[in-house]
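Paired with subunit B in one complex and with subunit C in the other, subunit A is shared by the two complexes that follow.
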Partner chain A sequence: MIASLLLALLLPALSAPAAYVLGRKSAKTAANVVLLFSVLDLFFLLTTIPDVLSGGRYTESYYWMPMLGSPLTLFVDGISLSMAAITLLLIISSILFSVDYMEDRKSLREYYALMGLLTVGLVGVFLTSNLMVFYFCWEFMLIPTYFIIGGWGYRESYRAAFKFFIFTHAGAVAVLLGIGAVYMLTGDLDMFQAKNLLAAAPQDILIWIFAAFTLGFAVKMAIVPLHMWLPDAHAEAPAPMSALLSGVIIEAGAYAILRVSLGTVFPSIASIPVSNQFLYALSIFGVISAFYGAFTALAENDIKRIVAYSSISHMGYALFGLSLFPFAEGMIGTVLHLVNHAASKGLLFLNAGAIMKQTEVRDINQMGGLASKMPLTAVSTAVSSFSVAGIPAFACFMSEFLIFMGGFQAGGTDNFYYTTTALMIVATVFSLAYVLRLFWKVFLETSKIEKVEKVPVSMSISMVILSVTVIILGVWPGPIIELISAAVFS
Partner chain B sequence: MIGILEVLTPSIILIISALLSVPIINLIRRYDNRHGSLSLIWISTPFLAVTVSILHLCFKYYAQAEKQPFVKVFLVSGIAAHLSSSFLVDAVSIYMAIVYLVVGLISCLYGILYIRIGNELSERYFALMFMVLGSVMAATFSGDLLTLFVFWEASAASSCFLIVYKKSPESIEACLKYLVMIIIASGFIVYGLSIIYGLVGSLNFWTVREALTSLSDKRLLTIAFAFVAGGYAIETAVVPFHMWLPDAYTAAPSSSSAFLSAIVDQASYYIFLRVLVYILTPPFILNWPFALAVFSALTMTVGNLFALAQNDVKRMISYVCVADIGYNLVAITSVEPLGVMGNLFFFFVGGMTTASAFMAVGILNNLGLKSLEDFSGIGRRLPMTSLALVIAVLSFSGIPPFAGFMAKYMVFTAAIEANMAWLAVVGVSNSLLQAAYLVRLVHYMYSKQPRRTIKGKEPRNLLVPVYALVALIIALGIYPSLTLTMIYPAAQQLGLLAP
Partner chain C sequence: MVFGLEYYSPWLVWMLPIISSLCVPLAAKFGSKARDCFVILTGIATLILATSMISGIYSGDLKSPPSIRWIPVVDIELGVLFDPLSILFTNLIAFVGLVVLIYSLSYMAHEEGLTRYYFFMLFFIGSMIGLVMADNFLQMFIFWELVGMCSYMLVSFWYKRPEAVKAGMKVFLMTKIGDISLLASILVVYADLHILSYRQVFERSETMALPLLTVTGFLTLFGALTKSAQLPLHTWLYSAMEAPTSVSCLLHGATMVKAGVYLIARTQLMFSGIPVWLNSVAWAGAITALLGAALALHTPDIKGVPAYSTISQIGFMIAALGTASTPEALGWFAGLFHMISHAFFQGLGFLAIGSIVHQLGTRDMRKMGGLRNDMPITFALCIIVILARSGIPPFCSFFSKGLIASSLLSTGNTPLILLIYSAAAVTFAYSYRFLVLTFAGEKPDYLRNIKVHEAPRLMSASAGILAAGCIILGFLGEPLVRFLGSSFVFDLASFFGPESLLFLVTLLMGGLPVYFVYQRKSISPEILRKGALSFMDKTLENGYFFDPVYGRIAGRLTKFLESLHETVEMRVMEHAPYLVADGIARFTHGFREIAEMNFLERIPALVATRSMQLAIITLGYFDSTLDKMIDLLAQGAALHSLKIKKIHGGALPQFVLAAVLGFIFLCILLLLTF
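For the complex of A and B:
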């Protein structure tokens, strides 16, 4: 369809003022407006599927600022299409979830308007091949996220939001330097053009560019030494925002490493020996994150912090997957893992939010026996947490399996990867451990909470949507793997 | 052919209306003292006339820009031309005139609404603003160092009265400081100019420029330009000489701070750009870029560190202005078309952003809110003013989609392009620091509980100019091509001069 990507980028921007104006009477209207726009957005995005399947890549280009080498280039291929689609699905579920979850809060039309604005950044990151547009969307996530975490979060929420803002902005500043350097070297900011043009550039500068990009993106991905912002921000944000933080924002970091650091800059430095050490570093930090996240999740008692640390662990998996570049299994596995993790972790955060809202406690030691009182939540938590643990038939199993396959394949050419892959497999055991502990303490142990109200309708619906998605992704991953692998092989 | 009258009309209109304002408004007041609508009509007339005359100049210039990109206009033609006052019209000066017009119009509107005697408009105040605007515009078009100096000093003198307008002890002290610095600076400049005149025999930009390349002994010249650049550095408030700026901007009424930061500050950067890039471009004459780079790194860092330590919000914004000077110098250092482009964009954006921040802070100051603690919790109590301030500070910190980001991006990229990656790294680190303390301000505004009840409402009419600037900041941030289409040829033109 004509201009469908432009519409996909701009519709959410329009939804913000629309929600603000129309939501004057009731917050429900505002929610409905944003929801409607998001669904439309998803529709426009999905209209590009035929083009992507036939041509591999679907591109649109508009006049923006040619003086700085930046037309407004929008594109999708299999990777970005699947990421953007899962993002929109998660946004739709989060907004649906918010309707009942946020009902007793104040100034909700601002909340929904900010959600609309946030969508621009979240979706836009995946839709563009121009580094400047990319950076715009990348930073555009910050402001709405800051205000949503701060304004509607839990304890000391503005503090957590401040931490989030400063950390991720620091990362973004490194990225900006990288973008400036790429423009200086090539005079072009299109990722695919720059990739070709950078081949002629001096490699000692390219190493710095690669380092700046990767470091900047790793902050948002919350890789271990740079993860300090994540537990606070995820734990104190309102549940729908946590779902988006964990499901989209940190994954955008992984996507950006794949697309920009590895996809654009790395091919030009692949021939020099130090590039291997970069990949080793990614691999090692992946393993560290996976273990650190899992161990801390085992030790935490706060339900949201457990889930938050589990996100760090999973970003470790993703980073390990990225270090297998350019092995196709590893790349397909990584992207698939991002999609699967988005759905599962988003769902898990929504479940945690539902539990916290209905029981009004967040310490898992004070919960227990909720399975009989909140059956739907119990089932959907089971689905999401089993997926997070990597149990077969649930989404994340397939992608972790592909990543490890890729790891062994890489080990065939470089023994180093045998070690790290083996360590990663050990880490999955701990994932299973914290998931089982969480599930046991919350749902199965003897009941400590007397009365729990029924989970409201809109929250249930959004949990069902995501549970079904997780199961479909787990049982029948064929189509999406096909979509992703087409992009990876091209 | 562009004549002398066409170049000078905007300034003449502004200066004459400044001189006539006091008697005319006093006259008007006798007949119409209820709403002051007649006075508003009188004020808007010169703006209308200036807009028309600048547009006329602009069209006339662009009609022949292909053939003659640098139009030189002499006050006295003929044999004494090299001694006469001369004016230079090129794409850069036209762009700057438009910037002054847009930002000046909006901040004058704010000033008129902000400064009132009892319930009436203050005629002296905007007479002064017209005076500043008129002389700055003439300085922009000037084509020799002396004309530039004369008009520049005229604007500085009028600025003094804008600073001291409230006649409080602090403002008198700040104004005295400013005056002393300006006088020292003009001494420096005149001394430097006299040496240059002795060496070259003329002060026209282009004559000096040509003569410089043929000069064999450059020692005297180094001294001369050290004096000129030093003098303008004092007036620009480059770091070791920056002390007057925060004092002056804090003590002045907010409308004056907004106006001065938007017009006079940007004009002083422009003079730097003109003197250094236009006259001194070929770096083999003097290797000035490195020295300037050091000063710019110093200015950014000092400005931001001091801003970090401030508790008075207005003073914090004043130090942000100092840091802004550093960013501007980064762009000048690069001498690349991209840097000049970033610079020209920065003039506009920096002026608008500082102006809107000072305007918003001015509204809050009027309600008795001064320190960071006073700002606690105003986000909910005074939503519109707070939102404007938030957008201004986010633009300062260089966060898209606000225009400050585009400006910073171009500036830092230019630094990388000029092979000064260290400067770019210093710049972005500073930018991060800036984001940190500015978001702390936002943090106060939204997260904390108000310390005391705030009396009074947000003044609707004062918010109009603030939001006009905010709208421009967002529009230029999302779609910078609005001005880039005009800046690009201008920057290429200046860039052409580079060797």
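For the complex of A and C:
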């Protein structure tokens, strides 16, 4: 369809004022408006599938900022399409979840309008190949997020929001420096053009550009030891926002490393030995994050913080996968892992939110025996947490398997990767351990909470949508792997 | 090949139970009767599908149905393997599965959460059949993990009991350690050969470098041993006994624990060329056989007997597999034959004691005794169990253990033979002890107040099916040899020779001490716990200290994690950003204090006063200069006027002109000064 990507970018921008104006009477209307726009958005996005499958990439270009010689280029290939699609699915589920989850809160039309605005940034990051637009969307995510965490969060929510904002903004400064340097070296802001032009640039500068980009993105990805903002932000945000934070925002960091650091800059420095050290560093920090996240999740007692640490652990898997560049299995596995993790962890956060809302408790030691009182939540928590633990037939297993596969392939050429892959495989045992502990403390044994009401309809629906997604992704990952691999091989 | 039922059976046989399991909650909407019927019908249909494939093996139509494209990039296809080994396991699983489902109808009738129970039972049957029908390593591994998940869910079935929940977690986590080893071996194979389908891997495994192949072999072996509850990670099986007895029967007696045996039998083709691997298999099996049997002899727990017995008997199977250098050899057949007979007698062993556990409310055999009059049928079934388990002719295990013994004798490895023979002796001893403790003698005080009655008919009937199997199975050896395509001749007459006599004498030697200690009570068991033997008692009491050591490791780890969380995460990581922020805040604050208050704040005032002073000084300077100039001017003008006065004597026009000129001059002067 003509201009479907532009529509996909602009529709959410329109949804914000629309929700604000139409939602004056009831917050439900505002929610429905944003929901409708998001569904339409997803539809427009999916209309590009035939082009992507046949041509590998679908591009739109618009006149913009002639002074910098840079048009507004929007594009999708298999990677960005699958990322953007899962993002929208998660947004749809989150908004649906919010309808009942947020019902007793105030100023909801502002909330939904902010959700609409947030969508612009979240989707835009995956859809553009222009570094300036990319940076714009990258930063644009922060503002609605800040207000949603602060305004509708728990406990000291503004403190957590402030921490989040400062951290990621500091990371973005490094990214901006990198973008500026790329523009000065090439005179072009398009990722794909820049990749070709950078080959002629001096390598000792490129190393610094690579480092700046990667560092900036790693902050967003919450790689240990840059993860300090994550547990607070995830734990204090309202559940739908936590789902988006964990499902999309931190994954945008991984996507950006793949697209910008590794995709644009790295090919030009791949020939010098120090580039290997960079990949080693990614690999090592991946392992550290995977273990650190799992370990802290095992010792934590706050339900949302457990899930938050689990996200750190999983970003370790993603970073490890990225370090396998350019092994195809590793790259496909990493992107697939981002998609799978978005669905699983989003679902797990929604479940945690449902549990917290129904019980009004957040310490898992005070819960227990909820399986008989919240059966649907128990089932969907089992689905999401087994996926997080990498049990087969649930989403994350297949992507972890592909990442490990890539790791052993890389081990064939460089023994270092045998060690790190083996460590990553060991980390899955700890994933299973914290997941089982969470499930045990929350759902099993005898009940410590007397009265728990049934989970409202809209929350149940969104949980079912994501559970089914997780299972489908786990059982039949073929189509999406095909989509991703087309992009990886090109 | 006809495109009939048997063409689709290899697919349907595992998909049907899985899909049906998803429908169990739906069926439960129509009432519990409808759900039960649905479950039993699924079990029957699965068994029919399984048996429909047997003829295909005999007729030699060994053709696997086409595979389905599944994971594109890495070229892994979803396929089924149509070969004797998988069909053998499939039939066994479908059969025991159906028996246990029927048994559950009565045994579980009054429990809550039956929809969940049947869901996981059907899902388990489907996954287990999927495991053995899979035609590549990845598909096998997926089902391998799924049966583990079912095991967790079913062990924790009574999720309100803390012991059951903890046991479930232990089972899942311990088997997961073996699973990652298996996963690693699969990945090594893929990284080297870029294929995962059994057939292609076995064809090309010879091209793998020997060290790599050996590593793969041991990783696989460790995964298999853990799943089959062999040393050193065998302790999970006893914990799994927290499950309902029907679950213990199906998962932890008859089928799931055999996954390791299946895996070793399946990969024999690949690794049997490595002597170290083959030896390790045999040794691991033989040692576990004896150590497990000794634990069964010591345990006071009535469910512990079949649990440790399972560990020990699987050791027999694995030891036999370890003697087979090809899948046609005697050891391979002996192991699998024993696997089948074990499924029957151990399944029966669990089903028979199910009602005892159910009614007595305890699992401690020391509180039991004299049940033979109250439960005659159960008593009879238990006699069959011990005869069949120990290997008394004509029960099944007489034949299977005979084959295992001769396969080991053919290797001539004396320590291995001794291990296996002593394990066989202890097997008879613990079975006998169990029978005496439970059924013989007088009723103890504990049982006086409990009214014990015979198990419901449905339970006895389903146990009876397995009992019948124990009796006839031994005579089915010959068709089984043809089925599995082994290369030796199965001759019933050969079982009645000197070897068998030796075997029976061994059993007798095992039985004698039990007879004197427990039946005649001429030797007190306390004597055995004193003196030199107390060390052995302690060792057995603690299960060779495996569990205490694992527990200590787990405890240490937990403590480490807690301190990591406490110190690194909550103290350092949580506060580091605030420390930095504090530093910045203090700096800015200090900067404001010092610079702003002391310096910057004063600058405007300072500048103002200084410039005022400057202005005043400057102005004053100009002022005085101007004054002097005006004075000078005035004096000059006065002097001049006197001269003019003298000259003109007061002509007005000249005065005016002089004044105007003077004014203009002044003005110019003033303009110049500014």
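We take it that the second predicted complex is superposed on the first by the 489 of 490 C-alpha atoms of A that agree within 3 Å, B and C clash if a C-alpha of one lies under 4 Å from a C-alpha of the other, contacts with A are read in each partner's own complex, and residues count from 1 in each chain.
As a convention for this text, a residue touches a chain if its C-beta (ideal position, glycine included) is under 8 Å from a C-beta of that chain, and two chains touch if they have at least 3 such contacts.
Predicted model, so just to flag it, every value in this text is computed and none were measured.
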item	value
Touching partner for A:F147 - first (subunit B), second (subunit C), both, neither	first
Subunit B versus subunit C as contact partner of A:Y280, first or second or both or neither	neither
First, second, both or neither for A:E329, with subunit B first and subunit C second	second
Contacts of A:M184 with subunit B and subunit C, given as first, second, both or neither	first
Touched partner set for A:F192, first subunit B, second subunit C, both or neither	neither
Subunit B versus subunit C as contact partner of A:F416, first or second or both or neither	neither
Comparison of subunit B and subunit C by subunit A residues contacted	C
First, second, both or neither for A:L436, with subunit B first and subunit C second	second
Touching partner for A:L298 - first (subunit B), second (subunit C), both, neither	second
Touching both subunit B and subunit C, residues of subunit A	166
Subunit C residues touching subunit A - in the complex, by the definition given at the top	69-74, 138, 141-143, 145-146, 149, 152, 156, 159-162, 165-166, 169, 172-173, 176-177, 180, 183-184, 187-188, 190-192, 558, 561-562, 564-566, 569, 573-574, 576-577, 581
Contacting residues of subunit A [partner subunit B, same complex]	63-68, 132, 135-136, 139-140, 142-143, 146-147, 150-151, 157-159, 162, 165-166, 169-170, 173-174, 176-177, 179-181, 183-184
Subunit A-touching residues of subunit B, taken from the complex the two chains share	341, 394, 397, 399-401, 405, 409-410, 412-413, 416-417, 421, 424-425, 428-429, 431-432, 435-436, 439-440, 442-443, 446-447, 479-481, 484-485, 487-488
Residue numbers on subunit A that touch subunit C, as the complex places them	163, 166-167, 225, 227-229, 231, 295-296, 298-300, 328-329, 332, 369, 371, 386, 391-393, 397-398, 401-402, 404-405, 407-409, 411-412, 421-422, 425-426, 428-429, 432-433, 436-437, 440, 443-446, 476-478, 481-482, 485
